[in-house]
Amino acid sequence: MVTLFGVFLLTLLVITAIGIVRAQHLFVAVMLTGIFSLQMAAVFFILDAADVALTEAAVGAGVATVLLLGALALTEDREKPAKRRAWIPIVVVSVTTLMVIYATFDQPRLGDAEAPVHQHVAPWYLEETPRLIDIPNVVTAILASFRGYDTLGELFVIFTAGIGVLFLLANPSERGTLTLSQSAEATGLRHHLVPRVVGRLIVPFILLFGLYVQFHGDYGPGGGFQAGALISAGFILYALVEGETMALRALSFRLLGGMIAGGALLFVAVGIAGIVLGGNFLDYSVLAADPVAGQHLGIMLVEVAVGITVTGVLLTIFHSFAAREQRS
Amino acid sequence: MYLAASVAILVTMALALARALLGPTVYDRVLAVNMFGTKTVLLLSVIAFLYGRPDFLDLALAYALINFIGVLAVLKFVQDYALRHQEPGEES
Amino acid sequence: MEFLGLYNYWVFAVLLMTGMYAVISRTNLIKKLIGMTIFQAAVFLLYISMDKVEGGTAPIIQADLPGQLYSNPLPQVLILTAIVVGIATLSLGLAIVVRISEAYGTIEEDEIREMDGE
Amino acid sequence: MELVLDFASWVLLLTGGAFVFIGGIGALRMPDFYTRMHAASLTDTLGTILVLLGIILQAGVSLAAVKLAAIMVFLLLTCPTAAYALANAARLARLAPERRVRDE
């Protein structure tokens, strides 16, 4: 029955995607992207991927819409109508769609336990995680320990993207001491009493929930990526209701820069600590006397590192866009 | 009975999507996004119980906490827009 | 019910190409980026569809239920990180679009080409 | 006792589902934006309360019930705020009418 829910949601997903492409008004496209993200999260949840759904929820609801609106405010919010009807793309896209659909007939059916993808390393991860690492959430175990190299790489991609946005948008002379004018824009929604009161009330809960997701990630859905996105959503809410200036007073640009670098360095430091103590890079078993306790410690430190960097990068990006808006 | 409730929620999601696609004003679409968000919270809670894993309510909780940030961002966007485009003598 | 087993992959194909269409046929740069996120989401959907095991549950081990089947955790790890990387790269793209808009006064690709004197 | 609780949660879930559905119809069929908002946000909150209460009765005294109660409280706080922000945005745009903000 739940599979049918999935089919229904997937159909809505396709309709939404076509709606996004057809929308002339970019603002409308952004709003439909919000719906698209909600549907994706529900589909992920139905397909047993609770961690992924939580990530999509934290990123799609809190951060993506705000960033896209920030970019629209800096550019244009309307697409120019196409001068001519593009036949070639339609033909190319239709033919490719049919080819990909033809290729899917060789795919194993959804939920087939005999599919090749389930035969390789996945059973080993599921069997050995309780013995080697002893945390219930296998996703966190793989993310932080078994495939720690991957995660380190991904973290550095995020790091690089954050630095790139900073280079492109932040004014060098203002960096570090970015102070915003007290104009009406800089104060955000301060004069709106209802959002301000409710926002103030909700922000601590979002941050608390973010910390819960961060440190409960070994036992339930969660971890550094989700927590980073949730905590940045909390600070973005604070910046919206209290103004950029107040948010930067809480977490200054300089501190955010430190967080971006500090998280990545902490991850590498944990890896090097493994070498120093006689193991391999990112081998947490040697971090404590007991290998399993070492794994617990290593996973916690690495997840904290991820959380710090993700928070730093997302907030830096948000503030860079907002500061650009001030100047223009 | 979970099924009945979730079918009602799914149909409402489709209605909200229809409103989002039809418009006619952009605010109708924002309204539809917000509606879709609360319906997602409900659907996730119901499915968590259908699956018998109530520890996954964290997801619904996350949406309940941060889903309204998008609408606040819309308010700020429109407000800034109105401020920037309010040149004297310009009316349409 | 047999054909429903492939429905996820068909949706993947259609979404992939919807995103692709936005990227290759639209001239607006932000629309292209939004198309790219749809393309990305299609890939996420493909991976997550592959992880499902019939009768399985999310790979968070329940000690009180031995013998419980779990879905494949590996694609979930890949996609979990890819979502956050996706938003980071999207904002990098948006930052570039903002700079283009400031330099050229437009974000339409063909107008930018004209200004470059092609 | 078990039966009474089951029946109560059954009724709550069904009425909640009905309210959610009616809200959806209202949001689709009402003639203009402000009335649509009224339909959406009013029955939204009521439907949400009923559905979540129905699930809480099923969950019994557990961590899940606490989480559900938290979800309910947060939704009741954030939904009206979102409605306020949306109505304000719409009003602002009417005050400074600008074709680019208005669709079409």
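Chains: A, B, C and D, in written order; residue numbering restarts at 1 for each.
In the analysis below, a contact is a pair of C-beta atoms (placed from the backbone, for glycine too) under 8 Å apart; a residue touches a chain by one contact, two chains touch by 3 or more.
Bear in mind the structure is a predicted one, so any value in this text is a computation, not a measurement.
Asker: Go through the assembly and pull out the chains touching chain A as well as chain B.
Answerer: Where chain A and chain B share a partner, that partner set is C, D.
Asker: My parser should flag the chain pair with the most contacts; which pair should that be?
Answerer: Max contact pairs: A-C.
Asker: Could you tell me the distance, in whole angstrom, between the mean C-alpha positions of chain B and chain D?
Answerer: 10
Asker: On a C-alpha centroid basis, what's the spacing between chain B and chain C, in Å?
Answerer: Spacing between the chain centres: roughly 21 Å.
Asker: Measuring centre to centre with CA averages, how many angstrom lie between chain C and chain D?
Answerer: Inter-chain centre distance comes to 29 Å.
Asker: Which positions in chain A touch two or more other chains at once?
Answerer: 25, 27-28, 50, 72, 189, 192, 195, 199, 202, 205, 220-221
Asker: What are the residue numbers in chain C that touch two or more other chains?
Answerer: 57-58, 60
Asker: Identify all positions of chain D at which a residue touches two or more other chains, and write them in rising order.
Answerer: Each of 74, 78, 81, 85, 88, 101, 103 in chain D touches at least two other chains.
Asker: Got a list of which chains touch which?
Answerer: According to the stated criterion, the contacting chain pairs are A-B, A-C, A-D, B-C, B-D.
Asker: Note which residues of chain B are touching chain D in the complex, please.
Answerer: Going by the criterion above, the answer is residues 1-2, 4-5, 7-9, 11-13, 15-16, 18-19, 23-32, 34-35, 38-39, 41-42, 45-46, 49, 54-55, 57-58, 60-61, 64-65, 67-68, 71-72, 74-75, 77-79, 81-82, 85-86, 91-92.
Asker: Would you mind writing out the residues of chain A in touch with chain D in their complex?
Answerer: Residues 25, 27-28, 77-78, 189, 192, 194-195, 198-199, 201-202, 205.
Asker: Could you please specify the touching residues of chain D with respect to chain A in the complex?
Answerer: 74, 77-78, 80-81, 84-85, 88, 100-101, 103
Asker: Would you tell me which residues of chain B are touching chain A in their complex?
Answerer: Those residues of chain B that touch chain A are 3, 6, 10, 13-14, 16-17, 20-21, 23, 26, 29-30, 32-33, 36-37, 40, 43-44, 47, 50-51, 55-56, 58-59, 61-63, 65-67, 69-70, 72-77, 79-81, 83.
Asker: For chain A, which residues are in contact with chain B within the complex?
Answerer: Residues 1-2, 5, 8-9, 12, 15-16, 19, 25, 27-28, 31-32, 34-35, 38, 41-42, 45-46, 50, 53-54, 57-58, 61-62, 65-66, 69, 72-73, 184-185, 188-189, 192, 195, 199, 202, 205-206, 209, 213, 220-222, 226, 230, 233-234, 236-237, 240-241, 325 of chain A touch chain B in their complex.
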